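Chain lettering (A, B, C and D) follows the sequence in which the chains are written, and residue indices restart at 1 in each chain.
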Amino acid sequence: MNSQIFHPFVIPFVLGMAFVLTYCLVGLVRVVLQLPKEDRKKFLRSLVTPKIAWANIRDLFGDCLFHVKIWKRNPILGYMHSAIAFGWFMIIVIGHIMLFTLKPLEGVEAEGFARTFTNFYYPIFYKFFATETPVFAFLMDFFLLVIISGILIAVVKKIHSRIVGVKRVTKFGFADNMIRFALWTIFPFRLIAEKTNIMAFWWLYSFDLLIFMCMLPFTRYMHIPTEALFILLRHAGLKLREPRKGYALAQIYSCPSCGLCIDACPMSVSDKNSGNTSAYFMKKLRNGDSAEAQRIAETCMQCGKCVAVCPVSIKSCDIKMSQREATPYIINSDHSYLNDYTRTDASDASSVLYFAGCMTQLTPKIMRAMKKIMETAGEEYEFLDKDGGICCGRPMMLSGKTAEAQAMIAKNTELIEKSGAKKLVLSCPICYKVFKEEYHLEGIEILHHTQYLDELVRNGKLKVNKSDVNYVYHDPCELGRAFGVYDEPREVLENVGNLRKAKSEKELSICCGGSLGSFNLTQKERDEITTNSVADLMFNNPDEIVTACPLCLRTFARKSPVAVIDIAEVVSNQLVS
Amino acid sequence: MKENILIIGGGAAGMEAATQLQNMGLTPIIVEKSDKLGGHIAQWDRLFPAFHPANDVVEQMLNQVKDVKTYLNTEVTDIQKDNNGFHAVLSNNETIDAKAVILATGFDVFKAERKQEYGYGIYNNVMTSVELEQFFRTGKDARINNPKKIGFVHCVGARDVKVCNTYCSKVCCTTALKQACEIKEVFPDAEVYTFYMDLRMFGPGYEDLYLKTQKDFDVKCIRGRVCEVSEDMDGRLVIKAEDTLFGKPLKMTLDVLVLMCSMEKNRSIDAIQTKLGIANNSDGFMQNKDMYLGMNGTSQDGVFVAGACTAPKSLPDTIGEARSVATQVFNYINR
Amino acid sequence: MIIEGKQKIWADYQKDIPDDHYFYVRSCIRQAFFPGSEVTFLDITRNKLGKDFYENPYHTTCGGIAYHSDTIPQETAMTIIARQFALMKESGYENYVCSCITSFGCYTETLETWHEYPELEAKIRQYLWDSCKKEFAKPKYLAHASDIIYKLRFEIAKQSKFKLVNVKTGKPLKVVEHIGCHYSKMFPSKGFGGAEYPHVLVGMIEAWGGEVVDYPERRQCCGFGFRQYFVQANRGYSESNTHKKFESMEPYEPDLIITNCPGCPYFLDRWQYVIAEQTGKTYGKNGYGIPALTYEEVAGLVMGYDPWDLGLQMHQVAIEPLLEKMGIPYDPKKKYQGLNGKDLGVPQCPMHIKSV
Amino acid sequence: MDFGFCLSPSSHVKMDGVDLTTFNRLKETNPDINTCIACGSCTATCTAGNFTEMSFRRLLLMLQRGKEDEAKKMIQRCMLCGKCTLVCPRGINIRKILLDITR
């Protein structure tokens, strides 16, 4: 091969590469600077702590290159992503190894542009400049073909996504479609250029890279560099502050609009609402369309399923919450009327305090069941909100009014601490989440009533007999996905009847549609979601649907062909008195 | 010989009864005091709850009775009963022998001027629901020229001891909302208010009409009976009512006020009715035998009643009763 | 406004009462409010129209002021009324006319109640006998003084020297008529024209050349009600009723208010001063109020009586603008002179409402 | 000059020219707001209603009768717990309306 070390066709590539590197560097600095001071310190410290560093490396390889999470979800998509990502990474690595072994500059006097940038472009176009040893040739061609195989799957996915097991695909703007074609054509051009050595293809190959590099920051492929930074930030355990700055900005740019969350989101049961899923939320945030971002943030039911399936584990729910917290409310709540409220029947001897919560006031059967259970178990119990009580504050926080929820939280805390209870039992997952995360109740164990029932059955305080009723259990979003409480309810149900599986279990369970999280969903839209969720539960046609949340109970009861019953009722019906 | 059945009143009840009797092989004879059949419903534009054109129904009914012997502009002046039936003398001096008599004289609209405080006939822009229905048919009424604010007053001449009508006239709530929607169609940017005590949307599809009135036509329903109407300097109407749900009296200026007048018994039949020995009930309507199994019968054998002459009725009720009176007469004839 | 509609109603509510031979009883407070009214009524009927109106010196209040203030039970009031009827019987009259609207309401109510409950009448007959040893007879016709003036309005018009017309512009005066609530609101059939559109004062205005103003708050009570204004703290409630009426009639710019009750002219007149003091607002032109007169005073003006003999200087709202409009001559100097020319002293002039 | 009494303002709601800006703003995003039949279920179930006279039914009326500042004071009591939305027989998205008022 000729012994040149420079040819003008490399210039477009070098320009593109320079542009994208500087852009990413500037972005990196900007994000880090946007972090509040203590978060920045925490982040930098996390880079050097061995445990976190190891986690970083593991995830950089696991997620960025091998896309392990996509494999778990959908193997074909998994292969497509890892083929392209890992394949590309390998040809760059092998290219640089060859560069250092071949040392092209040795003994050649070259100056100016060539001298400074040779190492930069040489590996990319090595075949043009130098011959290589068979081992390298084989490896380079092998990984090139791996990448092309990945791209072929991408083409198939574009033509008909169902073949690859994806129902809905994100609708892309002009830029995203343009860059997609650029990506598809880079490696075929390279293959042809290397095999036929026709100058036109080398130019095409270099220009393709230029287009790809220059457009990258403005398209979804920006997630390639940003995800790495996001992994580092995530492991540092930062808390999300504002919806478009710092940690959130990193997440916005690391969202690849892959669309997995669209299929997962319960709302995409209707075409109109599939436009309100997280993928589009991130796009709106990125395009700075804050009105639309606000609207979508307020339509989301906060069920957390998109976060559970997101291959890049972006916390879109938290970003939506911070978007709600940033809403300029003109009128603030005034709950001073709570100050002089005292419970008349406050007996401070009870060890177990049961807080029914507002929603359970509307499902009295749950309260009655809990009363019967606690009496049968001989528990020293007390009802905190027999006479209606005070809201736990979670719905207020769900609307972004964190500060205004504090009055309720403070008063409830005061009442709970005054009751001297050791154990606080909640029958509503919505309350459970706020008590676990926002309340500071020293020395008081906070339990959802599924955990409490499991504990009572396990330690023999409750004797139940097993009926032959086939139950299916629906995992409430705030109990399952939020806290991973999957097994206790299933343990309990195994003891009182036969438990059948729903089509989507545990962290994939479909939200009932009644969530208070969403402001905008109309009753009709919620019914569609409920019908879809009920169909999922009826998959193995159970006799009864068991829920562990009063809101799910009321929502399912409207659309379910079979009886919908709370887990406490199931147990109280099977008590051996 | 096919027995004659005398039907007094050629409205919806009379026509439908005649049609059914004809089908049963009897000979109905209709005596109608006005110049045409159809009664009140013939002057109606559209029917609730689905805005169905009224003359659709009336055409069909008229078509079915086209070869029934009918006397128009005629009244029964005298009637005797002897053992082989009824002997009636008409105002055109003809006589009719009939085996049975059906009173289907229907209702009169409450004279709105009796509610002086509403100023009907005194203030320029106060009209009744019947007149508004005429406006929808003809498109012309001196009182309506591009009104910006329109009010409907329910229960005018009903549920009101002061006018001695304590009964509910059943159909005016639904009619009011129907008309509210219709007038909103004609004047889309007008504000329309209805003043009600209870919105009695009793029938199938009526509650949907109520929801549609509120949501699609943005009609504001205020719970409070209008107590007083007066005219301000430029002839607009100042109404006073209490918004009882808000607990405060309110005052409002309107361009047009529509009074939902109640149904009252048609008094013109009183003479014949006494001759036949039929009394009135406490509401002033004809007293039928009993409200359940004897709703078409009366205290006199061979005398039957149908339609709004016994109580305020909607068109479906009237048609239903007309059909049931035909069978009662048929059974009576062949007993 | 469709005038035929009203005429139809007026035709329904006609009262056939004679226009002569009446036993006249006075009001217990009208002399205090507007002393000229009752004496003018008697002077017009007796001297100008030659009618027989007898007044028995022993007649008393009808008891309405106590009855409506809940200080005496109805039976006591009925016994007082029975005594009045007894005096009428002893004086040989069978037609009864009272000067006060509230009395008219009490008399009508009593007669109606006796009609419905004859045993109550017998009981009252017994009470009267036990207390005053008198027997009474129910009057053949009961009328209010304004009914009489209404019936004689055309005779008065014939003898009239002035019209309710603005002499400068020739246009009829815009006159607001306010009917006392007890006149026909309680028993519509007992008032000329019924309750909604009473004709008794409208008839006078039209007969004497004026033009009736029909403003929205026409039916609103003037707020006099004994129970309301006796206690000072409640008086604001009374004043607000009148205020509501004036706010409603203001755009019509009326020249005169004619009333037929003891309380209404007094409140419609006095509250204009209080409202002016409290809100700085007057309802007549350039700082004046709207004169509120009784029907007798208006009849007197129309028949050419001297304004000061009618006692118009006792009104709070200055009467001079009206006199100028009607072209009635008056001597400003004699405004505050007694019958024998004695100087009665000029009252302190209010801050906001002009009183010339 | 103190008379010992004063004019009491008319308790009448003047419907002519009543200020409906807030209500109309809410109507755009919640067309169902008109379908309220004032049955009072929301008020009966209201958590804040146990302690105060918070009443969404009354609040809607206040917004339509020109008593906006009263409405804005009342809404401060609301705990946004959402029970009203659950019980509303007309299916009105009450919680969203409560939020929209406060922005």
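Methods note: a contact is a pair of C-beta atoms (placed from the backbone, for glycine too) under 8 Å apart; a residue touches a chain by one contact, two chains touch by 3 or more.
Computed from a prediction, not measured in an experiment: that's the story for all the values here.
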Higher-contact pair (C-beta pairs counted), C-D versus B-D: B-D
Chain occupying the most central position, where position means C-alpha average: D
Most widely separated chain from chain B, with each centre as the mean of CA atoms: A
Length of the line joining the C-alpha centres of chain C and chain D, rounded to whole Å: 47
Geometric centre distance via CA averages, chain D-chain A, whole Å: 39
Chain centre separation in whole Å, for chain C relative to chain A (CA means): 86
Complete list of chain pairs which touch one another: A-D, B-C, B-D, C-D
Residues of chain D that touch chain C when the two form their complex: 1, 3-10
Chain D contact footprint on chain A (complex, rising order): 327-335, 337-338, 341, 358-359, 361-362, 387-391, 393, 395-396, 399, 401, 408, 516, 519-520, 522-523, 551, 554
Of all residues in chain B, those that touch chain D in their complex: 199, 211, 214-215, 218, 220, 223, 240, 243, 245-246, 248-253
Touching residues (chain side chain D, partner chain B) in the complex: 11-16, 31-32, 34-35, 37-38, 57-58, 61-62, 64-65, 90
Of all residues in chain D, those that touch chain A in their complex: 45, 47, 50-52, 72, 75-83, 86-87, 91, 93, 95-96, 99, 101-103
